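Here the chain labels run A, B, C and D in written order, and each chain numbers its own residues starting at 1.
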Amino acid sequence: MATAAAPLLEVRGLCKRFGGLVALDRVSFQVREGEIRGLIGPNGAGKSTLFKNIAGFYRPGAGEILLAGRPISGRPPYEIAGLGVVRTFQETTLFQELSVMRNLEAGCHLHASSGLFRALLGLDRERLERQRQAAGRILDFVGLRERRAQLASELPLGSQRALALGIALLAKPRLLLLDEPFAGMNPAETAHMMELTRKVRRSGITIVLVEHNMKAVMGLCDFVTVLNFGRLLAEGTPESVRRDPAVLEAYLGSAAGGTERASC
Amino acid sequence: MNRAGGLRIGGDNYKVEFVSYDNEYLPDKALQGMKKLVGEHDVKFVMMLGGDTWPAVQPFATRRKLLTSTLLPSDLSPDAPYHIAPCEVHPIYNVTGVEWMAQNFPELKRAAICAQNDSLGLPSVATYLAAFEAAGIDVVDQNIFDPSTTDFAPVVTSMLASGPDIVCLDTCYADYVNLITEQLFHQGFKGKIISCTFDNYQDVIEKTSKEFVEGFIFQFPDFDDPALRQDFINFKRPKDFYEKFVERHPGQWSAVAWEYASIMDLWKAAAEQAASVEPLAVLEAMKQGGRAPHAFGDASWWGEELWGIDNALVGNWPVVTVRDGRARIEEFRSIPEWWSCYKDLLVKHMEAMGLMHYQQG
Amino acid sequence: MELVLQSIANALVQSGFFSLWAVGLVLIFGVMGIINFAHGEMVMVGAYTVWLLYAGQGLPFPLALLAAALIVCLLGLCMERFLFQPFRENPLGGLINSIGLLFILQVLAVQIGGLGLMKHVPPAFPGTLELPFEVRIPVQRAVALVVSLGLLAAVGWLLTWTRLGWALRAVSMDREAAALQGISVRRIGMFAMGLGAALAGTAGALMAPLVRVEPYMGHAVIITAFIVAIVGGIGSIRGAVLAAVLYAFFHTFVTTYYSGTLATMLGLFIMLLVLVIKPTGLMGSRLRE
Amino acid sequence: MNSASRRHGWWLAAAVLLPALAALPFFLPFHRQDFMIFLLLDVMLVVSYRLVTLSGEWSLIHMVLMGCGGYASALLSKRADLLVWLSIPLAALLTAAVALLLSFPLLRMRGFYFLIGSYAAGEAVRLAWKYFVYPFGGPKGLKLIPPLELQLPFLEQPLSFVEPIPFYLLLLVVTCVSLLLLYRLEHSRIGLTLHMVHWQPSLAEAVGVNSWRYRTLAFACGAFFAGLAGALFVHYLGSINPNQFAIGEMLYILVWVIIGGTRTFAGPVIGVVVLSVLNEIFRQYDEWRPAIYGLILLLSMRFLPDGLESLPGRLRGLWRRRVAAAQG
């Protein structure tokens, strides 16, 4: 019964130190399946570190990370990705010199084994065809069909982000970690990206995002987790967090700044 | 040679053309070069340093029945009947130096030996070990170092630690001999030094002292040596050759400087005798009667027991020491005589190091 | 006992050279992130300068030494200006350029001095120091050791106590942050390269009477400098000196008690081991790619 | 559609080029045939080296891996009396295995550390060949290595591949097949993944690519073809010694690859062919050759940073601008 009801992601007492600096101090929280969770906090609060721990880019100092009740902490990133936790990057990470379609094809690699001889002898044609179809579906999903032949470097920022999201989706995630998906976007792009994110959730994927753009966070997330100095500060619905005095005290100044920045 | 009228065959004079190819001491380059010399220039005789490059060239040269010469008789083999070592029979002649030393300095009984780890150094170690054993001298230390060594102080320290009366520098490259001798001087060695070569001994004297280098035993004379004016020496006008060489390449006189000239002399004599430049005819003329004029006196073709073929020209070899700051020949000694007494010892040490022709490859 | 002491003396002299080679390499890498494959050839140019000026023209040895340092320093500055600076974005570009230069310098050395026997450079300070316990050090080597130590101390002082040294360290830690602090990365790069080159030139000049001076002498230098730099932690000057001392002692003792071939081979294995276990070396803390 | 017509172009080029290459040695004097042989071997080396560079690593051990193949095949055929036709592919596999073994320490490193690490590993292997007289023959290496022979029913004597023309033709076939395989590999999913591992390593990991595995794959496959070239080389020459695989030779591979350009498959091939031909032409300036190479390297880095492969495109660009200027 416990396993059936287990949250998709559970972080238990996670600690991470860099030398003398404590980046994460006994952080615990849970994310249920189908949720959109916002992760906020002032600069240096430990959000990125937390992300990197979940995705396997860092090895946690102490504590546990469970995916649907199974521990995943300490595994290398590609294995964690294989288990269904896929992240995107703050700086847009694409193959700038490849076309949109080629970018998506490159993203198909997770669910195909690397059979050397198949590849050499051309025996993986069927699989390649299936991948191409998958890439095509994602192309429609993120709305880039008209731009499929363009080079990634020629895309506007919003489309680049959508493409990065598409690459992540091709890895068939259960849990998607978005690292500042709205940074630097204009309001129209932000709105489009928010819609896209909801669409992803509707397709059955759970989302955790780190974001400074408060408008987007408050408009999009079901629940919000607030970190400060590596510690969990507050947790709850956007409204309750917004009213939490501790959050206001520790955070509001920079949050307001963030909102302003985003709106101009 | 050409200035002296060139090659005389059937009453006509021919000029000999010399073509060179730098093989960078790489086997594939050597093969390409050899084919080019034959294909483009139709050469009749190829003089090589030999060693690492020879095995790659051998099948081609043998199939083409090319006459080739080497300075390293370890190249010789029954499979290569047209490959000869007509000048230097490295490292067998080193036995003469040891033998001479044992006769003149019978009180020296302990030797330390060092060599670089390559195809020049190792066969030489076997020869010196045999020669020392034949002379009743103990080898108390051996230090084989990498050819990339830059600082020889540790090598010398290690040799001196065993308290030798003799330090043997084997067939170290000339530059190593130079640096090791300098270290021996600084670390206070008082005994005898014996080596295969001692090319830039004038420089070493400047670095150490005339007294220290006095009595250094090696195997390669300067060609202005009065002992080379004796009748049995076949090298023509050695003094003129030496002076011309030193004038053209100051400071570059070395152990091998005269060897190609000496081989050419031999070839010329054979070609004139055969009245042909065709390789097989020349070779036949060279080997007629099993003897030929070697630079240091008439010598015989030999080598069957070591390399499986009598293609090495062996006779007398000079023992040279530094006397009053000049290299001077002490004595010519016969290699075949030493061989007839101690061949078992040499074969034993060569075998122990895996250097016999039937062990090679 | 005498053997141990003599070996220690030998190792000390070697440590001096090894550190001088490696410190120049490490300085250039640490500050600019460029692997200078032609570092050994800079040592060679230093040695050739001494051969030409001191052995050839009869200039006093200290003057020839100074000239060697200056010439190689100039060479280093030219390299930085024309070969490294235009390729700042592409660390491989600098490396490849240094390989190109290496070929050119070797051929020039062959053209100037020819091949064949090593160039003769008579010792400027003949004689042997005879210490207690029968330990002997040639005076030329002792002088070289003292000068090396002096230079290393000077470099250490420069890096630790001067504003220039502070800027140098800042650039080596984070180029962008240093630029934000108002440091001219370009000038610091020139300075590091000039200093590193001058050290290499001086090393070559000091060694000229002691080693084989020939066109390809840089090969042994670069191998040793790499081993030392890696073991010490590439980018760390102190690490380089420490590693130079350790490696010199290791190499000397293995050569003395076993054999030279073994010493060279084990040296490479140790370097590999360090790379695998602690790629940042003994004293290095940052990874740089 | 574009790619299809391009593919046709390739097939057409191959259909013309291959018979021409196969016929070439019959029109060459015998002392030029070896040049073609060593050129083909070098082509195999640079193209297999390119596979390693695809994963973003610049290795300095490739030449030593070629030597591994050579030593392995020599030892298998000479000491274990294995048929040469078997020892060659086996040697290539063994080389790949050696690379796999070396990849455990080496591929923990990246960038500069990998470069130096691969150099150190290569030198260590080479010193081991020198140090252990048994089985490697020490500094002298091995000689009298059995040649490739083929007993054909209509020939009295077995066809010997020490003769340049048969060996060349065999080598041409092997080279073409190797090139084809390497080309397919690069243009397969694996090649694309390698590209990803090189340029966006974090992204690759994040979407589930085990980059270590792909880097190992590239390293070992590159080693396989280098070993194959080495094994063929050794049975043609009949001898092998450690000095043939020294760092100097490795630097030449690097020069060829860089001057040719690494962006496309053809780049390194263009590099090695152009420089080798130039080399033959300027044979009489042999002592200047390294300096000429160095100068070409410096100039091409400065003015042709993408290698010779980019030259046609650049010239076209220049021409277009000219035309545009004339019209404007």
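Just so it is clear, contacts are C-beta pairs under 8 Å (C-beta built on N, C-alpha and C of every residue); 3 or more make two chains touch, one makes a residue touch a chain.
Given the structure is predicted, the values throughout are model-derived calculations rather than measurements.
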{"item": "More contacts between chains, B-C or B-D", "value": "B-C"}
{"item": "Innermost chain by mean C-alpha position", "value": "D"}
{"item": "Most distant chain from chain C, judged by the mean position of its C-alpha atoms", "value": "A"}
{"item": "Chain centre separation in whole Å, for chain B relative to chain A (CA means)", "value": "75"}
{"item": "Chain centre separation in whole Å, for chain D relative to chain B (CA means)", "value": "39"}
{"item": "Where chain B and chain C are represented by their mean Cα positions, the distance between them in whole Å", "value": "37"}
{"item": "Distance from the mean Cα position of chain D to that of chain A, given in whole angstrom", "value": "42"}
{"item": "Overlap residues in chain C, where contacts from two or more other chains coincide", "value": "219, 223, 261, 264-265"}
{"item": "Multi-partner residues of chain A (at least 2 other chains)", "value": "none"}
{"item": "Where chain D touches two or more other chains, by residue", "value": "127, 130-131, 287"}
{"item": "Chain pairs that touch, as defined at the top of this document", "value": "A-D, B-C, B-D, C-D"}
{"item": "Residue ranges of chain D touching chain B (in the complex, touch as defined)", "value": "29-32, 34-35, 38, 78, 127, 130-131, 133-134, 137-145, 162, 233, 237-241, 243-244, 249, 286-287"}
{"item": "Interfacial residue positions of chain B with respect to chain D in the complex", "value": "22, 25-28, 31-32, 35-36, 38-40, 52, 55-56, 58-59, 79, 117-119, 122, 146, 353-354, 360-361"}
{"item": "Contact footprint of chain C on chain D as seen in their complex", "value": "58, 105, 108-113, 115-117, 119-121, 123-124, 127-128, 130-131, 247, 251, 254-255, 258, 287-288, 290-291, 293-298, 301-302, 305"}
{"item": "Complex interface listing, chain A residues touching chain D", "value": "55-57, 76-79, 81-82, 86-89, 93-95, 102, 105-110, 112, 114, 116, 119-120, 122, 124, 128, 167-168, 170-171"}
{"item": "Residues of chain C defined as touching chain B within the complex", "value": "2-3, 6-7, 10-11, 13-14, 17, 114, 116-118, 120, 122-123, 126, 128, 130, 134, 136-138, 141, 209-212, 214, 217, 219-221, 223, 251-253, 255-257, 259-261, 263-265"}
